[in-house]
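Structure record follows, encoded as structure tokens.
Labels A, B, C, D and E are assigned to the chains in the order they are written; within every chain, residues are numbered from 1.
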């Protein structure tokens, strides 16, 4: 299959800065070539949606952006990824600092087996974002409100995070990531277990975050991509098939694969 | 809040048999009252959808139907649940036999740390559904095809199931449950991590299964509920607010809470 | 000042350094800790580590080399210098966390090197005496000899095969007792028992590991040995020895139960519940779930526990001395007295033999041989674990 | 791939509906499987029963044999401190009086006992001088001498203080010595037996709880009745302190490095195998090592708890490392991902999340490792801890360098001595050892219970 | 500096050394000595490791120091060694108190326990099953002997004074010399049978006692002092008609005995407080003489104790050669 390179088609950056510049990124899981030669520029103060069929490499690519792939023994990453012009795979880069700036919500909710409060307060604590307990409380409350979880858990902040329902856990993880105030937030299907109302609230949150940060979101819901994102990237079999303004992608897809994926839209 | 009891409103059973008859079911997690006085009859050869906001008790109720709540130390279940007229919480009932008849797909995909093949073959092996290796191969292939995963994994059946992408894991779990050929299949958000096409295929599978079995599906997608289910139950804060034909629920909700949940529809 | 008090002084200095580093970083950040690269505690640790580490290392060196007394005050001075340097480096953008973590990493490495150092030291302390032994006694006879009859006047036969046979035989029986019992106990405790039962049974079984081996030895000698002899060995015509491989193996197995049960119990308990749920929901019974899902996932830990038990079995002396007798011979009959390498190492090393004679030096050769053999065993175990490990999530 | 270009999946044939089965009736296959389940469970119960049975039996024998060590028989008779025996020069000069050795004080006791027998009109056939002189413990002479030297005023007076009887007399009140066995026992006689019984009848012999057994020092083979565990308890305590303080942090640190930070390569494999192999090194070899490294090379003293502690630390490390690594491995990777994802460093992830979750396993390793270290004798043989020490070590840190004994060594020692009274003491020492062990484990066990959780 | 004397070595001498150490600490103004067991060989090894605080001052031995050991001592700078023989240890055969009496001769023991005996001019595996097979005057009881393992000094004495002697008097030595050479024959004389009738005891006399407890047919080899402490459980056998006792051993009537020694580093005098006093105290009449605590425990006092005392006082060292 011949790759459709994106570089030459990169859309005008609208005077917005490029936050992430990725060039010829390749990811291998052992022998398996999971990401093939992907080049893409992600913009600042923008929501970018990654769409594509299951198993096409969205999560893999997302995990490259904050070097979470380092933790998978067999994963190898090649190519260059520049965050604000600095190569994040440079030997001098401290992945910890990188991840503090590039936060992540995982596809499978993974709350710590600690209290709800501690789950959210963990990031602010290690990064010293609060000067005192009151400030920390405030950060926690704000994050939980943002993730539309506050009302459900405000009376049980001391209970363990793993005792929550699936959707609640997912929102807890969102709150946890938001509380750390990253510059870039990577969200891997953040609303997959949420009901419509909670989804709307999270989407609202994403929209708010966009004012200051960039957000990258993986989603299977075309509607959601259309609602929240300004840019959309369509992945297929490890290739980045098409990348552009969300409107364009959904209304005038240039690649036949994009078109057939979008038109097969169901729900 | 005054409960809206469902018993008196149970819709005509259309000559279809009642598969599950639940009366006054209460579930507690320690002090927390998670399911309040739910009574509902689930029909045979029918797809029933459970909808409701996150944390309302859908998963909890679902887990009652095959006594998976037994594994949660602090969970207590009260009330009667009859499967084909037999109380599944009867002391003489063997939960093993029950669960062989009432299969389940969990909200968080939980593949075994075994090969893909062994994941699917696990159920048929313990239940002795295959006489020989060839039959087992056939069952595995059929289940994987049904779950729309066959094409992606047919060349790597020996690889471990935990190395799959999120959506692939979810489909693997569906295949695993289907391979055991249960009479009732409980699916907790089976399509949450699936792309539209895979979702369509799983929905097709559900529709096929309905010919012989009952399926209970938890979903946050109103559209999906409308597409695949004949009956819908709306849960709210641990109460079963409304239960009836899917068409009725979505077009003529009787309870204001149902109405507002459905009209707030977004995703 | 004695080294002890100097150490205390250095530690006190380090504690002071911690406080100073912390407050200085906060001050430099103008009270807003968010302006710091690293949390104030890391700045504190940074200063504390730089105060304590070089000074303590110097002190240890001085002690080891039995250097003159002035080194101790020098260590104190070094501590003060370290404090000053570290404090002066403190700045809002100073990467204190990275520095501290590098140092901690260094400490971790040093700790894991202790194991290597121990090995090297053991090999060294065995190798020279072993060489001495092999100069006096032909190695062929040692490795392939089937007679073990040391005697004072010289002319001893020092073949290790009978000892090796006894070692393997006794360890095998001990493991045949300890592994099934320990594993089933672990499974029962972690999977079936109520938390209350588990919280009583587990520490109780652990007491078995703490009972001095001499008690087991006497138990073997006085109770188990005669019992086996009178009820099994004699009626079956398998001999009339009160001490036997079987006696020692059974009793040793008893002692090893907690090694298998407690460690396995922890590991089994750590397998995520979602895996069990997944299996139970397919209609598998609890035991099927355990055998096919939980145990494979817990395999590395269980193998580790079994290895530990096996190691202990190989290294045990007292139970063998009292339970198995001291007869070096090769026989398939488990109701006969035999002995093990370890017993003979202890025996030859603490006896009345001339310490420069092959009869004593053979202990070192035995030790070295055992070391190499168990090394092989462990390589094999590592390979097996690598091959069959099922990593969850 | 759910690929638009690939052909749509073949529809699944609807599985044939199985015959309706009742939940209340087990089908044959389920019955078989449930039987297997019950068997499996029964194996577990049997395993636990076996382990507990072994424990109970061992404890029973230990307590049966050892309880009596905590009791000791004392006589209460008037003792005349005769001047011509203790102060032959007659000038009450302590320096002169010191020349009279303990052996000499035996005479005071013999005479007093003879006087007592006469005064009470006890008539026993065949009671001779030997019976009188071996009636009291040799320790009683030493005690008497110390009392007199400390207080020369006593010379010439008659004092009444409890006097420790010899092990055979003591044994008569613990069922160890009977009239029949006394008849053939070279160390006692029927006459002595009868005398003891007569004295007891008069209330002049009393068996009472014996704190000295726990607090006083070891004594020679001639006076088993006076032997105590004080030095051994202190020695064990010091050693365990060293072992705990060193082996737990070092073991955990090494495990953390190997499991979480070390690059996975040949070298770390080598280290891993090495560590497991160290667990299989017979403990006596650690003694050889300790002798070579700590005593001969580093110049630490023999018989010192510090050397014992260091050797036992090396011996305990593999146990702790193996269990800690297993526990660390068992923590699901998702927890690590979660922490790393919010920008925690690997160190922070480790110490904030993984380590607490691995804590139960670590503590188990510690419990087992320390139990093993506490009961170990063989390596101590070579570094001089199997010693007869009759002075208490001083307080740490200097005490770490003083000669001391250890509990298992004391047990080992006593079981080798000729007088059967020492066997009783050995069992008593085992009881103390177990109490020590339980006290040591209690903290770890409570901690472990706090950290246990499922996820 | 170390202020207590350190002693290590023979486990046979250990009880005596502890008795002396205890009395020494009680009666003199010195810190109590620290006494270790560990065996003669191990003790001498430490003793010969060198001079100085980290080495022991006194080594106990149940046999004289060997040439090779002396050489090692010298190589490590340990030159001025005082050898002190302070008494004798009798070695006895004893069986369960409930069993029959045994009146043994070295010849009986040899015939019962030798690995191979000469029958009709041929070497065959020892066929004797009961004591009566060996000597009709002995009880018809299964042969089961508990003999100290090869690590024990007692074993050497047993081999020399019982097995070799029995071998010779029974004429087996001659017969075997005919079959092979003299050295081989001597070796064969002291080889014990390995078919389970002779059991090596690697532990201590207490273990032998426990084994006799659990197997009433057993006959064990003990030290005299151990037997004396356990006469209610053990019945002692006569050798050549002589019953072992402190008196018969001292007089030389009872054949199986050995001298006991301790070795002192003269170079440590003055370094370690009380070392010389300890050596003198050890051999003082009040301690090692008849009626002293050592003989009370079972030591056979050296008839020539006075000469030993003089030698100690004069700090006589082992001659260099």
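To be clear about the criterion, a contact is a pair of C-beta atoms (placed from the backbone, for glycine too) under 8 Å apart; a residue touches a chain by one contact, two chains touch by 3 or more.
If you want to know which protein each chain is, UniProt gives these names: A, B = Phosphate ABC transporter ATP-binding protein, PhoT family; C = Phosphate transport system permease protein; D = Phosphate transport system permease protein PstA.
Just so we're clear, the structure is a prediction, and the values are computed from it rather than from any experiment.
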Number of hops, subunit A to subunit E, where each hop joins two touching chains: 2
Most extensive contact between chains (C-beta pair count): C-D
Chain with minimal offset from the mean of all protein Cα atoms: C
Farthest chain relative to subunit B (centres taken as mean CA coordinates): E
Distance between chain centroids, defined by C-alpha means - subunit B, subunit C (Å): 49
Inter-chain centre distance, subunit A versus subunit B - centres from mean C-alpha coordinates, in Å: 29
Computed distance of Cα centres, subunit E from subunit C, in Å: 38
Centre distance in Å when subunit B and subunit E are each reduced to the mean of their C-alpha atoms: 83
Junction residues of subunit A, two or more chains touched: 53-55, 96, 108, 126-127, 261, 264
Numbers and ranges of subunit C residues touching at least 2 other chains: 97, 218, 272-273, 285-286, 288, 349-350, 391-393
Multi-partner residues of subunit D (each touching 2 or more other chains): 1-4, 33-34, 37, 299, 333-334, 345-346, 357, 381-382, 415, 455
Chains that touch, pairwise: A-B, A-C, A-D, B-C, B-D, C-D, C-E, D-E
Contact set on subunit A toward subunit D in their complex: 53-56, 66, 68, 71, 73, 95-97, 99-101, 103-106, 108, 110-113, 122-123, 126-127, 162, 173, 176-177, 180, 182, 237, 257, 260-261, 264
Footprint of subunit D on subunit B - complex, ascending: 83-84, 86, 88, 90, 92-94, 96-98, 100-101, 126-128, 142-143, 145-146, 148, 150-152, 178, 181, 183, 195, 197-198, 201, 204-205, 208-209, 211-213
Complex contact set, residues of subunit D against subunit E: 98, 101-103, 138, 142, 145, 177, 181-182, 184-187, 219-223, 295-296, 299-303, 381-382, 384, 386-391, 403, 413, 415-420, 423
Subunit D residues within the subunit A interface of the complex: 1-4, 264, 333-346, 348, 352-353, 357, 453, 455
Residue numbers on subunit E that touch subunit D, as the complex places them: 2, 4, 6, 8, 11, 14-15, 17-19, 21-23, 25-27, 31-32, 34-38, 42, 49, 53-54, 56, 97, 203-206, 225-226, 228-233, 286, 292-293, 296-298
